[in-house]
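Quick one: this structure, given as structure tokens, is what I'll be asking you about.
Chain IDs A, B, C, D, E, F and G follow the sequence of writing; residue 1 opens each chain.
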Amino acid sequence: MKAFSLNIILTFVWVSLTGVFDITNFLIGFGINYMVIWLSTGLDDTTGYFKKIPLILNFGFYFMWEIIKANYQLTYDILTPTHKMNPAIIGIPMDAKSDIEIALLANLITLTPGTLTIDVSTDKKTIYVHTMYLKDKQSFIDEIKLGLEQKILQIVR
Amino acid sequence: MIWLFVLLGLIVSPLVPLLFKLGGNKTGYFIALIPLAVFVYFFSLIPVISAGEIITEKHHWIPAFGIGLNFLLDGLSLLFALMISGIGTLVFLYSGSYMYSEEYKVRFFSFLLIFMTAMLGVVLSDDLIALFLFWELTSLTSFFLIGYKSNSEKSQYAALQALLVTGLGGMFLFGAFIYIEYYTGTFTISEILSTGFDLRGSHLYPWLLAFLFLGAFTKSAQVPFHFWLPNAMEAPTPVSAYLHSATMVKAGVYLVARFNPILGEHIYWNNTLLIFGATTMIIGAFLSLYQVDMKRILAYSTLSALGILMFTLSFGNEGIIAAVLFLFIHSLYKGSLFLLAGAVDHSAGSRNITQLGGLMKPLPLLGIIAMMGVLAHAGLPPFLAFIGKEELYSAAVSRSEIMYLSIGLIIMTKIMLFASGFQAGWKPFSGNRILLPEGQEIHKPSWFLMIPPLLLGSLGLLFGIFPGLIGTSLIDPAASAISGTIMKSSLGLWHGYSWLIPATLVTYGLGYLLFRAKLYLQKDSAFFKQAERAFSSWIYDLKLKAFDLASYKITKLLQNGYLRFYLITILLVMILGLGSTMILKGPFESVRMNFEGARFYEFIVAGLIGIGTLGAILATARLSAVAALGVVGFGVSLLFILFGAPDIALTQFTIDTLSVLLFVLVLYRLPRFFNFSSKAVHIRDIIISIVSGAMITLLILFVLNETKQSKVSQYYASNSYILAKGKNVVNVILVDFRGADTLVEITVLAIAAIGVYSLLKLKSKEDEL
Amino acid sequence: MIDLDFWISFLIMPILGISVILVFMRFLIGPSISDRVVSLDLLVTVGIGLIITYCILVKETVFIDFALILALLGFLSTVAFAYYIEKKGEK
Amino acid sequence: MNFSENHNLIIVLPLLVPMLTGIICLLFWWRQKFQKGIHLVGGVLTLIASLILFYNVWENGMIVSTIGSWPVPFGIVYAADLLSATLVLLTGIVGFCVGIYALVDIDNERKKFGFFILYHFLIFGVNGAFLTGDIFNLYVWFEVMLISSFVLLALGSEKAQLEGAIKYVTINLVSSVLFLTAVGMLYGMAGSLNMADLALIVPLLEHQGLVTLIGILFIISFGIKAALFPLFFWLPASYHTPPSSVSAIFAGLLTKVGVYALLRTFSMIFIFDQDYTHEILIVLAGATMLAGIMGAFTQPDLRRLFAFLVVSHIGYLVMGIGLMTSLALTGAFFYLIHDILIKTNMFMLSGMVRRMGGSNLMSQVGGLYKARPYFALLFGVIILSLAGIPPLSGFWGKLILIKAALDEGAFGIAAVALITGFLTLYVVMKVWIDLFWKSQPVDELFKAPDEYTLLPMASKMALVTPVIILTLLSLGIGFGAEHVLALSERIASQIIDPMYYIEHVNGLSK
Amino acid sequence: MEVLMAILIGGLYAGGLYMMLRRSMVKMLIGLLILSSAANLLIFVINGLERGRPPIIDEHAMALSGQYADPLPQALILTAIVISFGVQAFAIILIKKVYQKTGTDDLDQLRSTDTF
Amino acid sequence: MKSIVLQTTSKLLLPLLLLFSFFLLVRGHNEPGGGFVGGLVASAAFSLYAIAFGMRKARHTLGIPPGILIGSGLLTSLIAGVLPLFFGEPFLTAMWSIIEIPVIGKLSTPLLFDIGVYQVVLGVTLVIILTLGDE
Amino acid sequence: MIDLITLFFLFSGSLLILIAGIGILRMPDVFMRASAVTKAGTVGVGLILTGFIIYYLDFELSARSLAIVLFIAITSPVGAHMIGRAAYIMGDKLWEATVRDDLKGKFDPEKHEIKSNENEDQS
């Protein structure tokens, strides 16, 4: 079932890539994606995708805002002659469990200016993040956990 | 029919192993039937030829070039053919016994048969190319026969020496022949002879002569090319008798005789022959005096005889009869003496005359043969050799301006030969006490070891008494062929009183005294050692060594194993080639040297590529170099985009990405960069590469000036969609217009992948050790 | 209306060009290999910007596909370098 | 559809068969026995295909096929004049013979890792290079040839192989870059890639000096591939390292493709400054002959020596191109036919020497004259042909070439050709003495029976048969020189008049 | 523009060749890579440069018109790029293998097959 | 490599890139793309996957041995070239069917040819990278 | 009008990229360069693409542009993460003003394992 839904999603991607909207192209896309999925078996479950569209949108706006904020701060810092930075590598305990959750979290952390995921512990419990503006460790951890992680888990779970 | 008898030996030779299998060890005797058949055939033609007829026979081989297996039978070739087949018959018979218990006699007989064909071919060919072919074949068979004792180093040395010297001559001869064809337009000898081309008029005549003589002199062992002949005595005795005395060494003489009508009668011709002939006959005779090995004495005396022949031919028509006569006689008595030497060796276990003596008693028949040989050698009556000597003396005075010199030289030679003949033939048999090498006993030689030399010796006697038997039938036709005009001899033992009688007597007297002087005992004297060395093969050895050394030096210099040297050489060739062409074929127009219209960002992309390259060059870490390459690749793809080539840009970028991956997968196993080179080397390399790069830049600028819109591209532009149904012209070219490129190109990829796989996965045998 | 081409040619492209120079300077400076990789990564990103701008400048949209490829595969070399460093570390 | 009428099929068949053979072998990578069978069948079919092509060209004249149906000069054209057809035929013969020889000569490990595939792709590449009428397509074919030769050379990963391969690969890649550069420039100036079309356009170009300049680039690039002095160093560095069958096919074919390329371009496109370009070729040819033969003289290893002989005799071929007269070309083609067969055979023989004597170092081998008379006979015939002893195959080409040189008043090169012939004789006779006459420097008592003796009969036959076939062919060329000469003359007459090729390719002659 | 490119390409040839003359195998390979890029660029440049006009026929057109980049050199370069990719892959592995076998990256140490 | 981030992303990117590669393949006749780029993108996808998960898993995911892919690709292209020979046309002459499909256009031997190219490129790159990664 | 909006987006995008360029030069260590710069660039490209979409206003191109943004958003952080991780593993120096390094001592170069943080006291 998950393969089928993925097939459908990818077919839409196909149709928009090609820019031709008609039934034959849809069928071709379906066929091609069938091969794609066959070639790349081993994907995780992606069910429940559609229910979460509002959440995704909500998250999207939140994240954009975060990025703009951070970009501003960063821009300021790059352009002013002195650095007012407080860099640190912080280990943050995660609630995220599955690989996809962790990856999503890690990537979004990295995508946020000023922070960079360095690594995830082998037992997948801690994520090590490099930040440029550490006020204190706990507030940084809270910021990540309550801001990003929770929203992600809402969507994914 | 001539072809059959020429080729008979060659045809039979592959069958020899079979014959021996069928007939056992005695087969050797029966093989003598082959030369006998040839002899009989040519014998039967004597009347025809002596009547003045010339037989030619044509067999087309390469008609386009007028090359054929054509044969020419005139007096000269008939005489030779009879000698070759006649003496051949006897030598084969003799060999049947001599080689009886040899392990590799099959090869011996095969080669001997091939030799016979080759030699007949040389003297009978009417085609220069065919002649050359047979000429080379005689050299080769001689090589294999000298090297019969293949694992003996002496044999190897002698065989190679003989081959190289005669081969070198062959090379020149070949050149001469091609030139003759170039000048006359035909390879056919009879045509060249009969149409009366005047090669003497060619401005290259001296060169032609030099080339031809080099061929003849090497083959006929004229000083300074003589040294191979004594060394060739490593061959089994029948070979020495047959090849290196009676027949093959006379091929050079044949050649000179053959071309006498069109090249002779010229001051260059005469004097060259005179000088070389005289030198050879004197030196050969002189060296023969000091030898102790019967075969070596005979070898040097053969040398001298060959010199005499050339010497005689230098007198033009005046010397021809003498030359022909001496040629014929010499084959008889020298063949006989050689065979005798072999028989003595067989019976007494040595050929060293100091170790032998008094053999007359135990080996009377051999003694008689020896007597006949010695007397003929000395030119005593009533042997035919006597007549020959008289003719020689008469010829020697024919050039009045050098009369005294030449008669003096020939008499001197004859004196020495008189002595050495006695040393070789008389010494082992004379005396009362039987002298043998230690521990040796006398073996009775078989009849087959005695009959052939006996027959040869007796023929000399017979013809001496009845010179008429050969005069008009053999000698005159041969002489006529050489001179190109009709020649008449008047052979007889007695020609009345003349200055010849005292000259002859002086020869005999001094010769005998010289014999008594036993110069051979002085073999180890400092004087002779020096003389021997002077006339040994030192030049040959030196030349080989020099060639050796030069080859090693040059090859070591060039093929030195340094890849960068190879690359630098290529670059220098390129710089030199392009540079000199630019200078010689210039001036070249270049596009205007300005940067008009170049955009700012284009400079940046170009800079990215340029500086990236510099980065790759200067990088001290491998990974940085790879990263820099990544920058270069990226810059190049940007450039492609900027100038409207999205397809290449896409491909370039993906490939670069994959290449980085490849590098990375390999690199961590490779060592760090080291700087191996010195500063001077760096500077040299920088100069070379910058000059090469500059050449390319110049080329581009020149070509850009000539660039025009291509009609091919226009065709693609207008037809890509209409005819090939595709709008991406580049892709249409790849899969349709020039699909063949692509098909081949993916094969390249496939092979590369196989290569990578095999290189990585295959465990080599060395690894297992 | 404004002359878009003019502004792109003489404002946007130069800005992007200067960015390329800056990024490339970091590449040359290094000092560590990771610095170079970071700058290579950014170089690709700038390249994407450059190409899209160029698409507008020359009114030709086919180059967008190149930007697409850059976006998809640009990080592959970065990953490769990281792979190298890690492999090297294993030894 | 009448098969014999279908020129489009006939001309690509010598390409399709080896390619298909390679592909099938590739698809059955793990089935060695099956691969072996396909390999043999492929070899036979390639030979048949080349025979068909040759027969058709001989009977009906040049065959041209416009690949993809695109008219000349817009598409790629494959064209078989008599020269191409002859070379394809020789490739078929040599490929077939070495293919059999390789069955025994190549070890299992190499067979397991794609030898058969590479072998047929190499043949594919060589045939392609001979047949294409497009200069860029020629580049691509060169690459097929190169890459498969790279892999064949290195396959086995022995130390010497790898060392040799480094040099071979590097220098040949430099040559490819130069080729590509030159093609790019040529296209820039002439706007076409079709060789027949280029032959028409190039003379009309304004600046002929520039054409000469590009010609120089071609000389260098092809000169490297053909192993001309002083660009040949890669060859002696590498040819002796792989198994004999690989050396054999390399020696027979690869450098000849370089010569072929030189010939095509310098008989059609770069013919308007012959006093300059062709003079250069003659000088290079002479230097190659001498440097090669001198190199050969110094070598203690049979195969290295042979490698230098390969170099030396390339000189004869290039001499013919340099002289560029009908007669000279006739000689060069005669020599080429001889050379392909003999060089291949030579290296196969070297493999047998190693099996019989345990080494290719001549000082380690000896006594074969007594031990193996029939082998000695074979070897003797080959080396004498090599030395150009009349009437063996090597003689005639040399004869005609020298004659042609005299006709042109080129005494220098004629002399060099003569001397090289003589020195070749010297070198091969030394080889003969070393291998056959000298005793083996091993104590007879402790000598194990040689590898050859231990082979089963079928394997012996597989080694000997191809050698005998090629030897008989060489003898045939020598004694039947008339026919080969007729062939060479006809080829020369087609080459000396470029319009023959041009008109056929452009479809004007029909 | 072409002049700039000509100089750049000459520089690339020079750089590539200089690298090829180094004793390190890896450097030599890098030189080779630079050299083939240079050759590709040369083909590209020598046929004239055309800014931003790829040889792709417009959606509604039947043929290329006006100014356009010459498509043929592009196809040739594409072929050359792909070929050199294959060849380079092989060369990289070859170098790796040589290093494994001989333990050196120094080309001057690899002379056993031509010295005698 | 043992990075969860990379592994997860690669899993996601694999189908996306493959899709993109097919896209490039089929539309190459009319817009930038074609068998080469398509094949290269596909191999990049698998290379990424291989780096993230190791060579063995990548090979398993691919399912077909890459060597076979090379063979089949060559065969496909060759067939595209040989087909016209049976109709008396020269080698590699393009033949077009009547069936037309959007985006792809008419089925034709050039397309078949390009599909072969795609397979070869994919197979070749993967053989190289996977073999090398095994070391 | 469209030109003006396009220009605005192009300008702000290129400015961000320029800032990223400056950033990569100025930032003191590789982690900060990676974290600062990559995203600035990402957003910059996003803005330029927006300009592109507005300029052409074509569905197909917009879809493709969005795809580009999406792809960059997926790949760019992964790249940055990988390089940061590699830099750390390789032992690239942190800026001297770095206040804290929780990862210190957690990385086992032998087994390539990273210990978790949880059993440590938090301060």
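Methods note: a contact is a pair of C-beta atoms (placed from the backbone, for glycine too) under 8 Å apart; a residue touches a chain by one contact, two chains touch by 3 or more.
Fair warning: this is a prediction, and the values are worked out from it, not measured in the lab.
Name the most central chain, where centre means the mean of Cα atoms.
Most central by this criterion: D.
Check A-F against C-E and say which one is joined by more contacting C-beta pairs.
Output for the comparison: A-F.
What's the chain with its C-alpha centre farthest out from chain B?
Farthest chain from chain B, going by C-alpha centroids: A.
When the C-alpha atoms of chain C and chain D are each averaged to a single point, how far apart are the two points in Å?
The separation of the two C-alpha centroids amounts to 49 Å.
Could you tell me the distance, in whole angstrom, between the mean C-alpha positions of chain A and chain D?
61
So how far apart, in whole Å, are chain D and chain F when each is placed at the average of its C-alpha atoms?
Comparing mean C-alpha positions, chain F is 36 Å from chain D.
If you average the Cα atoms of chain F and of chain G to get two centres, how far apart are those centres in Å?
Centres of chain F and chain G (C-alpha means) sit 31 Å apart.
Would you pick out the residues of chain E that each touch at least 2 other chains?
20, 28, 38, 40, 42, 46-47, 51-54, 56, 72, 76, 78-79, 82-83, 86-87, 89-90, 93-95, 97, 101, 107, 110-114 - these are the residues of chain E that touch more than one other chain.
Among the residues of chain B, which are close enough to touch at least two other chains?
Residue numbers touching two or more other chains: 556, 559, 561, 563, 567, 599, 642, 644, 646-647, 650-651, 654-655, 657-658, 661-662, 665-667, 669, 696, 700, 703-704, 707, 710, 712-713, 716, 719, 727-728, 734, 736-742, 745-757, 759-761, 766.
Hey, what residues on chain C touch two or more of the other chains?
16, 20-21, 33, 37, 54, 60, 62-63, 65-66, 68-69, 72-74, 76, 79-83, 86, 88
Which chain pairs here would you call touching?
A-F, A-G, B-C, B-D, B-E, B-F, C-E, C-F, C-G, D-E, D-F, E-F, F-G
Hey, which residues of chain B end up touching chain E in the complex?
So the residues of chain B touching chain E come out as 556, 559-564, 567-568, 571, 591-595, 597-599, 602-603, 606, 609-610, 613-614, 616-617, 622, 625-626, 629, 632-633, 636, 639-640, 642-648, 651-652, 655, 658-659, 662-663, 666-667, 669-671, 673-674, 676-677, 685-686, 688-690, 692-698, 700-701, 703-704, 707, 710, 712-713, 716-722, 727-730, 733-734, 737-738, 741-742, 745-746, 748-749, 751-753, 755-756, 759-760, 766.
If we count contacts the way the header does, which residues on chain B are in touch with chain D in the complex?
60-65, 104, 107, 129, 132-133, 136-137, 140, 143, 147, 150-151, 153, 155-156, 159-160, 163-164, 167-168, 170-172, 174-175, 178-179, 181-182, 547-548, 550-552, 554-556, 558-559, 561, 563, 565-567, 569-570, 573-574, 577-578, 581-582, 584-586, 588-589, 696, 699-700, 702-704, 706-713, 715-716, 719, 736-741, 744-745, 747-748, 750-752, 754-755, 757-759, 761-767
Report the residues of chain F in contact with chain D in the complex, numbered from low to high.
67-68, 70-72, 74-75, 78, 82, 84-86, 88-94
Which of the residues in chain D come into contact with chain B in the complex?
19, 22, 26, 67-68, 70, 73-76, 78, 107, 109-110, 112-114, 117-118, 121, 124-125, 128, 132, 134, 136-137, 140-141, 143-144, 147-148, 150-151, 154-159, 166-167, 170-171, 174, 178, 181, 185, 187-189, 191-193, 205-210, 212-214, 216-217, 219-220, 223-224, 230-231, 233-234, 236-237, 273, 276, 280, 291, 294-295, 297-298, 367, 369-370, 373, 384, 389-391, 395-396, 399-400, 402-403, 406-407, 414-415, 418-419, 421-422, 425-426, 429-430, 433, 436-439, 481-482, 485-486, 489
Touching chain C in the complex: which residues of chain B?
Chain B residues touching chain C: 599-601, 604-605, 607-608, 611-612, 615, 621, 623-624, 627-628, 630-631, 634, 637-638, 641-642, 644, 646, 649-650, 653-654, 656-657, 660-661, 664-665, 667-668.
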